[in-house]
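Paired with chain B in one complex and with chain C in the other, chain A is shared by the two complexes that follow.
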Partner chain A sequence: MSPSSDEAVAKPSSSGLGWLLEQRVLLSIAVLAVLPWLLPSQALAVNVLIYGVVVMGYNLLFGYTGLLSFGQAAFFGAGAYFTGIAIGRYGVPWFAAVPIAVLLSTCLAAAIGIVSTRTRGIYFSMVTLALAQLVYYVALQASSFTGGENGLRGFTVDRINLFGFPVNFLDPVNKYYVLMAFAALAMWFQSRILNSPFGAVIEAIRENEQRARACGYDVERSKLIVFMLSGAISSLGGCMLALHLSIVPLDLLHYQTSGMIVMMVLLGGARSFFGPFVGAASFLILEDAISLWTPHWQIFVGAIFVLFVLFLPKGIWGTLLDAIGIGKARP
Partner chain B sequence: MSGELLRVEGIGKRFGGFVALEGITVSFAAGQLTSIIGPNGAGKSTFFNILSGALAPTSGRLHFRGRELNGLPQHRFVHQGISRSYQITNIFPDLSVHENVRVAAQALTVSYDIWRNRARLTELNARADAALDAVGLLGARGELAKFLSHGQQRALEIAIALVSEPELLLLDEPTAGMGPEETKDMVGLLERLADKRTVLLVEHKMKMVLGLSKRVVVLHHGRLLADGAPDEIRSNPEVRRVYLGQSEGYG
Partner chain C sequence: MDLSLIIMQLLSGIALGAVLVITALGLTIVFGMLGVVNFAHGALFMIGAYAGLYLASLTGSFWWGLLLAPILIGAFGMLIEFVLIRRLYGRSIDDPLLLTFGLSYILVEGVRIVFGSDGIPFPTPPQLVGVLDLGIGFFPRYRLFVIALVAVVLLVLWLTLEKTRIGLIVRAGARDPTIMQVLGVDIGRVWLAIFGLGVGLAALGGVLAGPMRSVNPEMGSLVLAEAFVVTVIGGLGSIVGAVVAGLMVGISISLVALFAPEMATIVMFALMAVVLLIRPQGLFGVRGRTA
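Right, the complex of A and B next:
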């Protein structure tokens, strides 16, 4: 991120802590690697991984660029559907299905982005919501491709071949670490974007669109690019979900999923690198814990969310980083 | 003076039925500081917004270094060499002072690069620091811009405009809202800038304008009222009637 990289230029940090904080990708991978043993169940850990990637992609758009989209589920779902269709219908091997799905989802993001990034504020939110619902209804109607209401089935990935080694993908531990490799790739990519010159452009647009334009930036084009990058990363989460569940539920494309993504990023902390994973974990843990004793868990999660927005606007991770005084570095 | 830099030909701007500017024809030579003055509502800000591309004129043409600028989107103006500051402070509040300027510096070269590490683009960092040094803010480079004083934020804005090495620098009331001390610092900064660059200045503080400028252009009700050296402007009866008379002693 900008402030940390500036300081690295000003006075190369010699302290161990400073060096460590710059390795945010490695640190995040390390935490994710032990996650299955920290959380009550393996299934929960896999979900944190998947939703973490989806929310991280969304954070690029919402946290770093300041664009509140209510349609991120479209790319989450698109990644999952394209993966499932490629494997189940066209017999594409899983390792090829994932990049194909990400590419197609990025094209979808380009189409939605071209329309939506011309609008601002609440209009942007509404246009993304409407277009994402359009994707939902297309998936619902095109049932010969997508399975319609029943979701997409019939593309189980049970055994995979990793560089010559056969791996039983039904084993939860194997599955977790294979999917973690995708998450690591996404984190590395996102970190590169954030450290790049373009990463500075999106933050400038968030801070002051008019000034960014007066500085010589094509704001509309930059928004479209970040919309596509964000969609690409979130769609990778969808690919992971498809490989994990071997079905794609239609609900994935529903606007409730978009709402959940927004809640997760706010819970964890927008504008922080690891916040999305913290947000996904807290949301899913809350859902798990509260739904054990009441089917109306959403009421409680909603109330907790409201408290967060009111009292911890930087989310769990953002507040924690501020509290220990490394808020500026924002790993 | 080394030739004509900017030529404005019959520029007019209407907002619906309201005529903000009409038939402005004026040209600016390279290497001098020109002030644009006029009572409130004279069309100074509209004129600036047209020169910086934020507004498209409804009539007339702009020629900059022999090239016509009409129809160019606003963000391309900086690439042509025209850079501006705003009347109301316009910075990136939640970025560091250094990053405010660095991000402006990179606009001309590596905007859409998503791959390289920007901390390693040392030339841009050095240029940002040089611009900060020029406005006296190098000491505050690590602070968040929102924590600077008002006067420092105004100076930061000038650094943001300066770092693109513009041929033409447009400054919209750089001393707006400043106390006497801060104003003095800013005048010093403007004098240093005027030595090396072509500057167009919109200002209200009359004494300051007449002291700083080589030339003064007066707008009134959207029209060009007078154009000349500060002494000519001071003694121009029309100008005295519409402007100086009513603000005698102001600034």
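Right, the complex of A and C next:
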């Protein structure tokens, strides 16, 4: 959001707290492992897990690189559609369908990224929105592949074989922990990216694009790469959703979904590692709670979001971390 | 393929494009002056259509709706600028975009509460019902009226911007707001007026589109994507660009609908992608500002 002079990468610290914060992946996994018991319902926990991964991937683009995309739904949806089509139409086993779907979604991200990363600033937001809408309309028209308006159906995964052990995937607890393994993988991957020299480069681009260019970094190429990585992680969330729901609704590709992802990352806190999960959880809990007494929950969510933009741009998690003084490490 | 059919479809495209031009113009003028992209532009287009419909049924005449809805919604736009957008000047360029995105949620849901979620038919004014014989085919009177009205609005806007003192202040303010303040112009008031004008144009687009599309709370989301595409093709901040690109998109949509109907919704995005690959700043955009 607003430019700041934070260190590009958190310095390793020798103190106990610092060491603990270094273990952000393990800490996050620990929280997610007990999440089904913290939240009012299992279904909510699964959704937090899925949307958390999607928003985390988006955070790489928006929070860390400073690129406000309104088209992340394209990759979320692509992951889900490719998984469903691979399983339902071509009979690919689920464990192969997921990497195939992520790979294909990453190719889509490359195509959209080549066009959109040529633009800067506000243009980027508008172009990503438009190109993601293009994906939406293509999915709507190619109904023989995607089921069109009715969404994609007919690829239920009920029983999976985990290293020789048959697991009943319809059981919500089993499902949660299998999907959590995906989330853990995504978190490890994201953490590796952020800790790598490339992670420092994208933050340098956010802080000052001209200076990053002057330092000899290929800004355009880095943007394209981070766009693809971000799309890949978000598409994994889409794969998880497809396995979870056994249907893919067309609305997943609509830019309203992209907008929801943007809302989640801002509610939780852009530029923090665990913020996306906090944001996804807050949004979904809010939606659940308000829709209990009125169907018009969107008006409240919209108002809360406006208040966050005005008064709490660092989000819940980001503000909390600043308040207890460990904001710099951004766990 | 019959040539007269193609010409008729071309005219349809111009009518479709005319509404796009008016809507995209509001977006592009606001960006050119304030550096703000209004994400609620589509929602305000939709509210304009509802306001036009409501005022028309209240007064019993479409013409009152057409006149009053843009003024009323434009005033509402000024309120939005004054209460919300103004706080974000000087912050990141993304913040107004995010704020107006949240606002569009509120507006759409608000309309759902007041008018319900279902579409409402918007009757064509009785004077403009039916078709006109153009010699080569029949064309809806209402669409001809839309083309003519948009042409007049464009002419008035152009004359105001180029030939009057107000236009001079607006153009200078877009170049350098600080100097304008030094010269004693209250730039805050100019911004307020421009935002109101932009929102008023969105509402005008909504009222005009009403009889051609059905009026429903979701109509703004499609329009927003279309307006984005038009402004990106034309070059953000460029008025000429919005006009050229709006007509270009309208005409391509209706010509493609003639030959390959399933491609009609996709063609404008493809057009945008091609333009971006060749000229990232848009056809009439200034390089360096946004691209």
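Everything that follows uses one rule, which is that the second predicted complex is superposed on the first by the 317 of 331 C-alpha atoms of A that agree within 3 Å, B and C clash if a C-alpha of one lies under 4 Å from a C-alpha of the other, contacts with A are read in each partner's own complex, and residues count from 1 in each chain.
The criterion applied here is as follows: a residue touches a chain if its C-beta (ideal position, glycine included) is under 8 Å from a C-beta of that chain, and two chains touch if they have at least 3 such contacts.
All values reported here derive from a predicted model rather than from experimental measurement.
*Asks:* Is A:Val201 touching the first partner chain B, the second partner chain C, both, or neither of them?
*Replies:* Touch status of A:Val201: first partner only.
*Asks:* Check whether A:Ile299 is in contact with chain B, with chain C, with both or with neither, and answer first, second, both or neither.
*Replies:* second
*Asks:* Once the shared chain is lined up, is A:Gln210 touching chain B (first), chain C (second), both, or neither of them?
*Replies:* first
*Asks:* Could you say whether A:Val138 touches chain B, chain C, both of them, or neither, answering first, second, both or neither?
*Replies:* Only chain C is touched by A:Val138; chain B is not.
*Asks:* Check whether A:Gln256 is in contact with chain B, with chain C, with both or with neither, and answer first, second, both or neither.
*Replies:* It touches chain C, and chain B stays clear.
*Asks:* Which holds for A:Leu310: it touches chain B only (first), chain C only (second), both, or neither?
*Replies:* second
*Asks:* Per the contact definition in the header, classify A:Ala130: touching chain B only (first), chain C only (second), both, or neither.
*Replies:* second
*Asks:* Determine where on chain A the residues touched by chain B overlap those touched by chain C, and list them.
*Replies:* Shared contact residues on chain A (touching chain B in one complex, chain C in the other): 2-3.
*Asks:* Where on chain A is chain C touching in the complex?
*Replies:* It is residues 1-3, 68, 115-116, 118-123, 125-127, 129-131, 133-134, 137-138, 140-141, 254-256, 259, 262-263, 266, 296, 298-299, 301-303, 305-306, 309-310, 313 of chain A that touch chain C.
*Asks:* Mind listing the chain C positions that touch chain A in their complex?
*Replies:* The touching residues are 31, 37, 84, 87-88, 91-95, 97-99, 101-106, 108-110, 112-113, 221, 225, 228-229, 231-232, 236, 262-263, 265-266, 269-270, 272-273, 276-277, 280, 290-291.
*Asks:* Using the touch rule from the top, collect the residues of chain B that touch chain A in their complex.
*Replies:* Residue list for chain B touching chain A: 52, 54, 73-79, 83-84, 86, 90-96, 98-99, 102-104, 106-108, 110-119, 121-122, 125, 141-142, 144, 160, 164.
*Asks:* Could you list, by residue number, the parts of chain A that touch chain B in their complex?
*Replies:* Touching chain B: residues 2-3, 5-10, 192-193, 195-201, 203-204, 207-208, 210-219, 221-222, 225, 229 of chain A.
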